[in-house]
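Input: structures, listed below.
The two complexes that follow have chain A in common; it is paired with chain B in the first and with chain C in the second.
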Partner chain A sequence: MKKLGIGIDFGTTNSLASAWGSDVIRILEGQGTTPKPVVFWYKDNALGNRPHPSVVWFKPDDSVTVGFEARRNMQELSGTLGHCFVRSVKRSLATAEEWVHGGRKRKPFEVAAEVFAYLKRGGEKHPVLHGHEFNPCVVTVPVGFNGVQRREIRCAMSRAGLNLQSFVHEPFAAMVSHFYHPESKMAALRGKRVLVFDWGGGTLDICLVEGSQDGSTLYELAHDGIADRAGDDFDRRVMADLRGRFLVRNPALTENDIATKCRAQDRFWINAELGKIELSREDSVRIRVPAFLDDLPPIDLSETVKRYEFEAMIEHEVKAAMACTLRCLDQARLTPSSVDYVLLVGGTSLIPRVRSQIEEIFGAKVQVTAEPDAAIARGAAIVAAEEWKPVNAVTLGCEMARGEFFTLLERGEPLVASASKKFVFYCTDPRDGTANFIFCRRPIQGDKAVVPMGDILQVPVATLRPSNYRDLDRLLVRVAVTEDATVSVDVMHTGNGRTAAHEISDVSFGLKLT
Partner chain B sequence: MPRIPNIAVKPNIWCELARTHTEDAPYFLQEIIPGDLLVEFLGTRDLRATRSQLTRDQHREFEQSRFFQPHGQKGLAYDQ
Partner chain C sequence: MLTVLGDGSEEPRLESKTVTSEAASWVFSELQDVRTIADWKKFAASGRHLWVLLAILKAVSNKTVMVNSLAALAECVVQCQNTIELGRQKKTGILAADSRWIAQLMKSRAPAGSELSKSFLEALYAINATAELGAELRQASDTLHDRLQSTTEALTTERQSRQDAESSAQRMETKLAELRGVLETMQSELAAERLHSSRQSGFNTVAKQETVNQVLATVRQGTLHRLANIRAYADREKPNREEILELVGEIESHLSKVERILE
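On to the complex of A and B.
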């Protein structure tokens, strides 16, 4: 069985998988089409190619349905006995949330595994790629995901029977898809800097990528993001605004009536989302929800929303997104003029107000990804098929007494599970009872102070004043890259045997292209 | 008024790849450990002896520590 690289864009709202490999090129060229990664779409008669909603439906007979069918039935059956619907499971990863169905508790990673298994089945049934093995697999994660969340994704993938090769940040994958060419690979990015602005349904992710001069590596110089202000949140704002207008038009009704009698919540949500998307092209849009209230006779909702009204609703978020973009540049001590390309990914980044603000900062360097829904999955599939290995993009270390920087993980070192490195540290001042490890990135020109990454690791030491240098506390430090692309630091006091551990998950990814 | 933290934990660890695995490694700490602690090690407060052993930063730290020494002990604050 021939192998193909599979890339998975596991999204909060929608998910998508894509496959790429030499066989895809051969098959597509045989069919006379331009070779590019094959995407496993949901084909809707009315809407065309659509990504799969990340909705999981546990039925009374213990069977599970994922995707559009689950989302369609959520409206009618949500809350009824025996049916359990889980939406946006990605947000629940690494939380204590559980869903009880059929007397069994399901953890977020188990629900996520259903989404992965569904995407895998979709690929296996694909008419062009039937009979191929999907291995290895690359999955995309938001820039803000920590080690625990990545671990849950790995567990979910393993449960779904997928062999995870590596993680890659979502905007990074979209950039790979945009600049990749089957023959010249990523040659277009040699010595160039790209800022990727990925604002979709769930999160805003920004990353700044630099191609090395010799074209062998891509480095993520900086990344930043906002977790909970994105398209889904804007949909809810539009819905709240429409509900308010509906109540003004029907003064006899109250919020409580909407809560109890509205059986069209899902349809309302879809229409609000479609209306919002339409506002990127039109100055105003009419949003209609037939039989919005299940009354006698049923009451329809029909309101016109103007683009400037929508833009006023999201103005605060747009400003926050621009501040986040500038912060990302500042992390790498760069200015907008030192960026060669700006790439817009995700539906929210196409809102005219957002685009104009980005163009105001960066001028004419702004490009938009073709097929924004599929760019991330395609990029991940390319990384999987080319077997590009993840590397650490920014030197990580810790600050020592007297402010010096000590390197724990060099830029360019492989970001795959490896043998650990051992160091011996001395606590230079044990009088406060702890040895303080402050982890940070290598300071760059212009840094006034070290910016700590996460919490400070404190290891208990003897509090008594030592009478000799030799009595100073000695600490054995072990540094290793984990399977979840995090850096684990274990410290052991060689005298009292006390241990402490720390995990650096805010790692910048790079890709070794050779 | 917004409360801005104005205190920070200082790192107090030291490592040097070339030297920390050797037996006499602790002695290389002489320039890194705080001045007041080094004076404890030297076992003298005689400025003639400490001047040659302490760096400028360590001297400053030693002077500062004298100011903050607890009541009843010899220190700048007590002397004044």
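On to the complex of A and C.
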């Protein structure tokens, strides 16, 4: 174990960093505390330990503020001249979106770099980091992130002065945090299968993990997820529902009145969110927003929302989430009975309707992570400190003539930048003028069945078939793992010199534990 | 057939003799009365020689015994012939090899009144002594042979017992190693238990602190935004009394729930 490793949960709504290592254990044991990864929280007087909101505020004087202070001022100053607020920048990564402030355009990775720099500054003040650098870092990413998005995160980190050790999927990190023990490490998962259901504020991420029999590796058998259908969206639905009721109760008012006179958007949001959280414990909740509309006298909002009404609002999303869970199992050709544990991560997964649906599928195997806000960051810190290397979890290859499968990247091969492997292929059917590389994966180890990944690489070849056509259509293929944990495939036609390249970014992660 | 030839004597079973001299002794005992050719003829006429021969031949499976028996028989025959060469002495019951008997025989053959020289008598006594010494040596040799054999047997037994002891020592060592392993495991378990115990005591403090933090967080989560709302309802020209009272009621019910959780 290293002296110190940093884990960063770069979230859509909130972000959090954590530290773990032999020095942390020594310090905590010296204080008579049970050693567990230290989390660099935001200490809020009203709400206690909270993760840092991923909100970036560019001020008129070109200074930048991130976190709660930015979030507090967002409603009031958003749209005001000279102020620029960026919320949920993670969703904008690898898009063409830009923010203009002070005559300067800012790309998503530049904004994300501000969040990373803020986390670094906060972490460096913590006494545990005394005499240590806030490096190297393991960063968590959603299961649906592609190679370009991962590259943008790497660039953002580099800009913030952070060294990236490796990526790990968010639900995978939460699972590591839940099952990790400082002495026995991940022995609890030897030969076990875990389905991690991570439904938080930003996205739904599901991954199915299997521990090898010898306890040396954790493999991600399958993963799936849904973007844009999570806690924040449910908050917005509750807010929309409350607005609708408010207008029914006050027929003289219109949507336009709310848009112009509502100065309590932030309070409205907080009260709606807290009401939603309370609905997980209570059958009904009264949500109040004093002085909802700035008028004389001020107009208040006070509505009772029942649990079944809220459940009806999110029913469609819950069904979609369950379908996504079953699809994930189907990818690995497993049934609910072959899963040993189901781990619920994130606030949305604790909604009674969601939990009951999961329990209906999996029975009594369901467990909930302690401190769901911090589980992902803690897991990343553990991976960083233990120096567990990412490995490829599912064999990747391409489909050959007569349906044969040719392996390009074996299961268990390290997912770190390495020297390329070279292969030579011959095009057997050049009639359409291209040699097609149809990339596939072999989800079940030892099973011959392959699943197409939807990635096809086409290389121009000679359409004529001279006697020595084999020499003409000789294709030199180079396969390498990139720094962004993607697999790059470069093909060169040795006859005409033409080249083509493709990047496989949908790679399943595993962790080599030794 | 042996029973008929042996005239009711017990079958000797020479082949089963472990000590080879016993077979020769049996042959000598059978032929102890045969000293001369005449004795041999009488012996042969009675058919007893067939009994001896057949007993020797039956020992064909034990070659050593058979050779020794035949050697003893040959010695007896040679003894008979020697007796003839020395004169037809009727006296029986004395071994041809007995030097005392030879001396007496020579004395008796000497002419009456003639004096035998002193050196002749001394030579005779010397021969006699040598013969006795030879007999004693043979006896001693037999005894030594027997002792050697018994010592070899004892040695084999000793070796066997030593091997048994060695294997038992090896077993004991294996057992000891196993016990050592068990002891080490138990020691490591004890150390882990001690560590766990020491941590547990630390954990209790931390757990208490965490519980306090959790309770505080729960109290904060249920009350602080309501308090903020109360402040907002109160901080106006005409306070919203109804909502304030409802909020106070909600805070009270929240606190009572927290109390129930703590109980």
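One rule holds for everything that comes next: the second predicted complex is superposed on the first by the 493 of 514 C-alpha atoms of A that agree within 3 Å, B and C clash if a C-alpha of one lies under 4 Å from a C-alpha of the other, contacts with A are read in each partner's own complex, and residues count from 1 in each chain.
Everything that follows uses one rule, which is that a contact is a pair of C-beta atoms (placed from the backbone, for glycine too) under 8 Å apart; a residue touches a chain by one contact, two chains touch by 3 or more.
This one's a predicted model, so the numbers in the text were calculated from it and none came from an experiment.
Novice: So if we stack both complexes on chain A, do chain B and chain C clash, or do they fit?
Specialist: With chain A aligned, chain B clears chain C, so fit.
Novice: By the touch definition at the top of the document, which applies to A:399: first (chain B), second (chain C), both, or neither?
Specialist: So A:399 only meets chain B here.
Novice: Is A:33 contacted by the first partner chain B, the second partner chain C, both or neither?
Specialist: Only chain C; A:33 stays clear of chain B.
Novice: In the superposed arrangement, does A:429 touch chain B (first), chain C (second), both or neither?
Specialist: In the superposition, A:429 touches chain B alone.
Novice: Quick one: chain B or chain C, who's touching more of chain A?
Specialist: Comparing touch counts on chain A for chain B and chain C gives B.
Novice: Which holds for A:96: it touches chain B only (first), chain C only (second), both, or neither?
Specialist: neither
Novice: A:302 in the overlay: touching chain B, chain C, both, or neither? Say first, second, both or neither.
Specialist: The second partner, chain C, only.
Novice: Using C-alpha centres only, what angle sits at chain A with arms pointing to chain B and chain C? Round to the nearest 10 degrees.
Specialist: Spelled out: centre of chain A as vertex, angle of 80 degrees.
Novice: Based on the superposed arrangement, let me know which partner A:248 touches: chain B (first), chain C (second), both, or neither?
Specialist: neither
Novice: Of all C-alpha distances between chain B and chain C after superposition, which is the least, in Å?
Specialist: It is 49 Å, taken between the nearest C-alpha atoms.
Novice: Which parts of chain A are touched by chain B and by chain C alike?
Specialist: On chain A, the chain B and chain C contacts do not overlap at all.
Novice: Contact residues on chain B for chain A in the complex?
Specialist: Within the complex, chain B contacts chain A at residues 9-15, 17, 20-21, 25-27, 29-30, 32-34, 37, 40-41, 57.
Novice: Which residues of chain A touch chain B once you look at their complex with the stated criterion?
Specialist: Contacts found on chain A: 398-403, 406, 423-432, 435-438, 456, 458, 465-470, 472, 475, 477.
Novice: If we count contacts the way the header does, which residues on chain A are in touch with chain C in the complex?
Specialist: Per the touch definition, chain A meets chain C at residues 29, 32-34, 46-49, 183, 267, 270-271, 274, 277-278, 286, 288-291, 297-298, 300, 302.
Novice: Taking the touch rule as given, give the residues of chain C at its contact with chain A in the complex, in rising order.
Specialist: Residues in contact with chain A: 192, 199, 201-203, 205-206, 213, 216-217, 220-222, 224-225, 228-229, 232-233, 236-238, 240, 243, 246-247, 250.
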